[in-house]
Amino acid sequence: MFKSQKFFRFQKKSARVIKIMKKDYKAYLGGSVIMLILISAIFAPLIAPADPYKTNVTKRLEGPSLQNLLGTDSLGRDILSRLIYAARPAVLVSFGGIIISVIIGIILGLLAAYVGGILESIILFIFDVIRAFPPIILILVLLSIIGPSLLSVIVILGVTIMPRYGRVVRAETLSEKEEDFVEAARSLGADNSRIIFKHILPNIFASVLVLSGMDMASMIMWEAGLSFLGLGLQPPLSSWGVMLQESYQYIQTAPLMILWPALAIMLTMLGFSTFAESLRVALNPKLNQEV
Amino acid sequence: MPDKILKINNLAVEYRNKGKYLRVLQDINLELDSGEILALVGESGSGKSTLGKTILRLLPDSARIAEGSIFFKGKDICNLSEKDFNDQIRGQEMAMVIQNPQNALNPVFKVGTQILDVLYFKSKKQKSRKELKKEAVEILKKVGISDPEYRFGEYPHQFSGGMKQRVMLAMAFISNPSLLIADEPTTALDLTVEAQILNLLSNLVDEYKTSILYISHDLGVVVGLSDRIAVMYAGRIVEVAQTRELFDHPNHPYTEALLKCLPDYKKTEELQTIPGQVPDPGNYPVGCNFHPRCSYSFERCRQEDPRLEKIASEHFSACFLNDR
Amino acid sequence: MLKNKYIYLFIITVLCLGLLTNPAAAQDDSLNIAIPGRAQTLDPAYLQRVLSDWPVMNSIFNGLVKYKPGTFEVVPDLAKEWEISEDNTEITFQLKEGIEFHKDYGEFTAEDVKFSFERIIAEDANSPEAQSFINLERVEVINQYTVKLILTQPMGRLFTSTLPFNAGLIVSKKAVEEMGREKFASNPIGTGPYVFEEWDVNNNITLKRNDDYFEVGAEYGEIVFMPMSDPTSQELALQSGEIDIGQLTLDNFDQISQMEKFEAEIYPDLAIQYVAFNTSKKPLNNKKLREALRYIINPEEILIGAFAGKAERANSILLEDMTGYWQAPDFKLEDVGEDYVWNLLAEAGYPEGEGFELEYVTDANEERRLIGALIQDQLSRFNIDLNIEALEVGPKIDRWQDGSYDITYARFTNTVDPGYNFQWNLSEQLGKWNLFHWSNKEYDNLWQEAETTLDSNLRAENYKKMQQLMNDDSIGIWVTHGVKTPAWTTEITPVFSPDGVVLPWLITSSEE
Amino acid sequence: MFIYITKRFLWVIPTILTVLLLLFSLSYLLPGDPADIILGPRATPEMAEELESRLGLDKPWYQSYLIYLQNIIKGDLGTSIFRDRSVLKVILDVLPYTVILTLAGMGLAVFNGISIGLLAANYNNSYFEKFLTMLSFITASTPTYIAGVLLIVVFSVNFNLLPSIGIGDGGLLDSIHHLIGPALALSVGWTGYIARLTRSSMLETLDQEFIQTEKSFGIPRYYILYKYALKKAIKPIIAVIGLGIGRLLGGAVFVEVIFNRPGLGRLIVDSVNERDLPLVRGGVLVAALLFVIANLVADISYAYFDPRIKQK
Amino acid sequence: MALVEVKNLKKYFVNNDGLLYKLANKGPIKVKAVDDVSFKIEKEDTLAVVGESGCGKTTVARSVLRLIEPTAGEILYKGRSINNFNKQELKAFREDAQMILQDPRSSLNPRFIVEEIVSEPLYIHDQIKDDLNLLDRVWELLDLVGLSKRYSELFPHELSGGQARRVGIARALALQPEFIVCDEPTSGLDISIMSAVLNLMKKLQQEYQLTYLWISHNLHEVRYISNKVAVMYLGKIVEITDTDTIFNNSVHPYTEALFSSLRGINDNWNYQEHEIIEGEVPSPINPPAGCSFHPRCKYSFDKCKKVEPELKEVEIGHLAACHLYN
């Protein structure tokens, strides 16, 4: 009974967000791209027309045909199937990385804002040290220490991005703390945990959500870039970046081949960023009247 | 009788919202003599700011004038091109002071720069900014800013609210306009400062012989200032009268109710309230806009729009009660 | 005011048009040659990367002897003639006279020979070439133009790979002593057809023609070696005219070599690429299993998949015309049939191929990854799981050396002398570069014997026996020697060594 | 303002010291025996020993760290293992190319981004604006390396209009010609970002009350748009430029590899691959310093543009 | 016994921006937001605190509810010092004493719907039996402040200023408090809504025997709602007495200046003829020595520039801080 009321409220609120996003073409674009990628990742074995690992060197570098809709690569593997399977590492990297940064970021940011003092200085200092490196260079060096693998890519991307969340959460917590409605809640006798979890976090969460949408796009970009440099995911996993790198030497013989992974990366990034943008507008109750 | 400086005939303004046009101002008829202070009073959402912006053409792109005309010094200014309007009217003949001095000045430019720019364009770019500086300093002194030469190089955030509003008045009066639209210029100020600014304003009016359209939601403020008062409700002007006449003999039920709910330190009796809500702009009831909240309303109020009629010398009201 | 705007607009348009037309890259008297990576050093005693350092050094320095262009036959270079003592331990060279070092570093004399060789074997030299002169005791100056090499034991590879290769190049004693080793590495002074000019930020190395060269001088006045690690970049640069000679990728070879503007040729590489089994670790310490794998892994597919069918199959560490070549039998699946292999697996204790998983260690190199994917697929046909681990070069070498892998793929650079090429499989290389983790006393003895004789028949016999030993134990599969695919514009006519390394000073212009 | 700048500067010092410590610890963190990895099969034990002493692996770590710090203060970043030249010299040789590339990329991004953003703000709510918005989303979703590869495929391979690689023969015109492709590739992602930011910042500014006031005083529209509104709207863009320079420094890694240009990014990639530790340390240190300085400059210029912070 | 008693309340804000700041400025900047303020509120009384912006009236309001810790001084609630309350006592106190904040909308969490906002105090103090009751209670409270049921599903930004204010009041009433601090509850409201809110507050006071601390700058409404008035200037109370007295017989020059700008709708005067006090409120960072009002005071004499006047009784129940009356 008690829960149902809360659920009812949640439903009402999300219905509003959905209603607003329904009017935004960007939401449709982003949403359908994300759905497409998620479906590809989850149901890859069902969707993929062929075994992405099955080689056939007699059929290498063929153009699109009925049998291989997007053609074959240098080992005669079906490109379409490989693209579909490569959605898996993309999803793992982007979601995994973002979960790590968001969780660590929120915890550190809240600690910094609420405890203050030396702890705050230490946390901010950690952020500053991480932020002192250009991200891609930090990732590169860290990867060469830990060694490239799916897990290490996820963890390193997560840690590299994390200060963004930490800083945003800290700054917003500090400013939310000064908001009148927080003051009002305190005057009603709410304790810190209620204020953090009921008042501050939900308000911060919107910006965290939007930011993470954008960062998921960058994570896919970075993962592909690392793979392009030969440092990202390792076989037998094939990511779009790996495919991009593999195709690069065939840009004269089979220029179409590089187009597919490039399109996949760009489309995914576009999807995440447009969806995030649309979400940003919809989640902001003050902004959304205009849409 | 002095010349009418501003004459608004049957003005109606609409906003586009989701492909539909909503009428937010209806049937506005208003005249303003030169050197006169006319107070435009109404609650929020009554359209008083929209009217001010309409006169100065500051409405957003989604708004349009649906009907009617605005004559300024006998000239129809609705038909002027945007460029002509900017060159001839804004900053030359009319100026505006807005409510919140915190936002009225551009925070990233020095105050002096902003004043000089107004002068520069007022002079049609004929005079150099150096020459103009003298004039600017002069006017700053006039509005009561001490050490204006030094203040010139400061940024708006270094000014207090009252000072900013003084600067705004200086910028408005620099061009010696015939008409000043003052949109609640003292609402955000402290009591003592408000009095100072209003005092300054009435002195400036005397000196420059400027007409003022003074927009306010507070009847109390306009008491000692205005010559005449126009009361607006839900996009219409419901009553226009001389200040004292209006306070002493309110005609329209809305004006009457408004005066009764006004807390006044000399009043001890219970405050009255007006039941119901102000309708949303553009979403007005059929008939008299006030009828759902009016204790006197009768059948005709629900069907017809009342027009502003003369009920006494210089006293107009839009109420069917007067026809009875 | 307005006029000015138009003038600016005009200038900008002209600039843009000017920028968009591609200026002819190579000037007439200058050659641009791509090298596959940044040169590391130009000091012959410290050569690091054969592919990028060697062509540059080769143009700057001379040795006492050299390979005759286009062959691996040894002919005199700075030496006029030489005499070998009865016991093969003393070799006396008569030097050519009147040869000057570059940049006025004086005449080339016997002192320079002594200095050049002894600096390599000196204890504090840390030269990786010490191995090449392993039996050299000292160098004796007889007179200004006569010099004697004194060996402790006969050296099989002295004339085949030591003297004609980088270790045998003669540096100016005066220059090294004046500059010191570090500076000399980037300011080399030799006697060769080209004089070192500049090593710039882009790691381009510019050489100028030596107009006082003691033989026929080079035709082109200037050579620029440009490092381009990415083969695709080399192709693009070749097509845009930035370079005159570069390597093609195998897949684009046909397309580009057919273009009118270019010529290209395929040369076999000297190196050996092979699949190595770790013979000292379960499960591949089982010979039957290794045999089965030799059937299952099909190098022909690797040749097609990773080398576009352009590389020849290797059946030996050595090239076919080299001393000691022995063709290892090819284990072909279609010859024996699948059942035979299933049986082998069953005999090895793994019926149906199930029950074990192999670890394949490689580096992130594109080609190696493709090969890994292929082997993985081939093994999967026999239900064998192959776990590919593509590592950074560092960790990969770590794994190689501590032997924590089952299969790997490697490319080892070879020289013309077989002794060098066979040394990596010796017992003493266990834990170092013996990727089979295979130790065989007989092999070690045969190698040692061949190393200290000049009798080429004996050497050939021994090397053949060693290869049989390796084959009998099925320790791996030779895949290919790889290929070099130089391509050049038709404006020039280059000369290459038999393994496809360009000899820059012999390049001539094709006109007339 | 002075205090603000000093404070920001002082805050950087411990950060850089920690960065140095991290870089120093690289030789302990990198897997494998450095000597073997770096020197390969041709190594002799003597060489390995010499290398270890050069990497400071033969002393306790704190001693080596102090020596390392001392050397850095003296401007000595060590000697590259493979290049037989001092790390500082190697870096200083390539640095100008990266700086020029980054600045050119940023310049293009800022110019194009602001132009697109201003156009979009000016034609707000039209189909043209929707097109521009989509355009900025797409460019923002194009990673540098894809832009680079596509530029090469189209302009170098298909039309042979732009050189694909290198920096040219040193002539100014040729250098610029070689810079077009890389700078364009580098700018693409940031262009879209700046365009979106400009648009929203501009719309927000135009919506504010002081714009109405300025309008009511008869100041012409172009003047309001390009002087009054732009200066206010440009603040968030300035803050982003500093960030952008860091991101572009990262993007330069890809551009330099793809276009075969010399530069800091490629130097770091190469040295990481080669395990040239002194060079990795030096390169990353310089990159971090550049990044920190870029951030600092962004902060300070942001403060400069906002008189409210300037006062402090 | 007074319900609330404030004794010598002081609140200094210290601008301490790190070591460098200290070095450059020779010590931290102290802002005396509230400087030695004392007053009492009897049960069912309404004490209005009036003054211009920056005079410290909001700080007083927040200190009284212990939303900020005072620098010095004591606040007694029903005779007990709230400064020493432990967690449980403080929670109990929060049940008794409520606040209505100045900005109607920003005091409501933008992501909460009205139902959540109004029921929040009930959640906090565990006064909910089950869900249905809760909704009933929310509707009841909304009804009390004159809002219909349908508002319970709206977000704050969908409410008008007056409605948002009513929601704030409903929230304050949810726990049936005895004491409410109203921080400018009518600022920014339209006249008709303002009067409705004032009537509502007065009605509620009578119905539930509430005690108000009423912060305001609107003298008209003060006259209407309060029975005691304290005038503040730069962190100090300059005059405090009954409402009637202060309107008819104020003694402090600042009060006089403040009230001189007051005009009723039936007064016949205009701004030009009216005497107006010069200058603006000085910055509390650097207040004038002596009586802080002296630079603007037309009666000021030497002593005012040097000696700070104390709050003294000029007649029974009428205190003022001015040298003129000593």
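In order of appearance the chains are A, B, C, D and E, and numbering begins at 1 in each one.
Rule of thumb we're sticking to: a residue touches a chain if its C-beta (ideal position, glycine included) is under 8 Å from a C-beta of that chain, and two chains touch if they have at least 3 such contacts.
Quick caveat, the model's predicted, so the values are computed rather than measured.
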Given chain B and chain C, the chains that contact each of them
D
If you average the Cα atoms per chain, which one ends up farthest from chain A?
B
Measure off the straight-line distance from the CA centroid of chain A to the CA centroid of chain D, and report it in whole Å.
23
Taking each chain's centre as the mean of its CA atoms, chain A sits from chain C at a distance in Å of 44
What whole-number Å value describes the gap between the mean CA coordinates of chain D and chain E?
53
Inter-centroid spacing, chain E versus chain C (mean Cα positions, whole Å)
87
Could you pull out the residues of chain C that touch at least 2 other chains?
392, 394-395
Junction residues of chain A, two or more chains touched
144, 147, 248, 251-252
Within chain B, the set of residues that touch 2 or more other chains is none
Across the complex, what residues on chain D touch chain C?
30-33, 36-37, 39-44, 46-47, 50, 82-85, 93-94, 97, 152, 156-157, 160-167, 169, 173-174, 176-177, 180, 257, 260-262, 270, 273, 275
Complex contacts: residues of chain A adjacent to chain E
1-2, 4-5, 9, 12-13, 179-181, 183-190, 194, 198-199, 202-203, 206, 285-286, 289
Help me check something: in the complex, which residues belonging to chain B touch chain D?
53, 56, 58, 82, 86-87, 89-92, 94-100, 103-109, 114, 117-118, 121-122, 155, 157-158, 168, 171-172, 175, 181
For chain D, which residues count as touching chain A in their complex?
11, 14-16, 18-19, 22, 26, 29-31, 130, 137-138, 140-146, 149-150, 152-153, 157, 246-247, 249-251, 253-254, 257, 265, 268-269, 272, 280, 284, 287-288, 291-292, 295
So, in the complex, the side of chain B touching chain E is made of residues 43-44, 160, 162-163, 190-196, 198-199, 201-203, 206, 217-220, 223-225, 244, 247, 257-259, 261-267, 270-274, 277-278
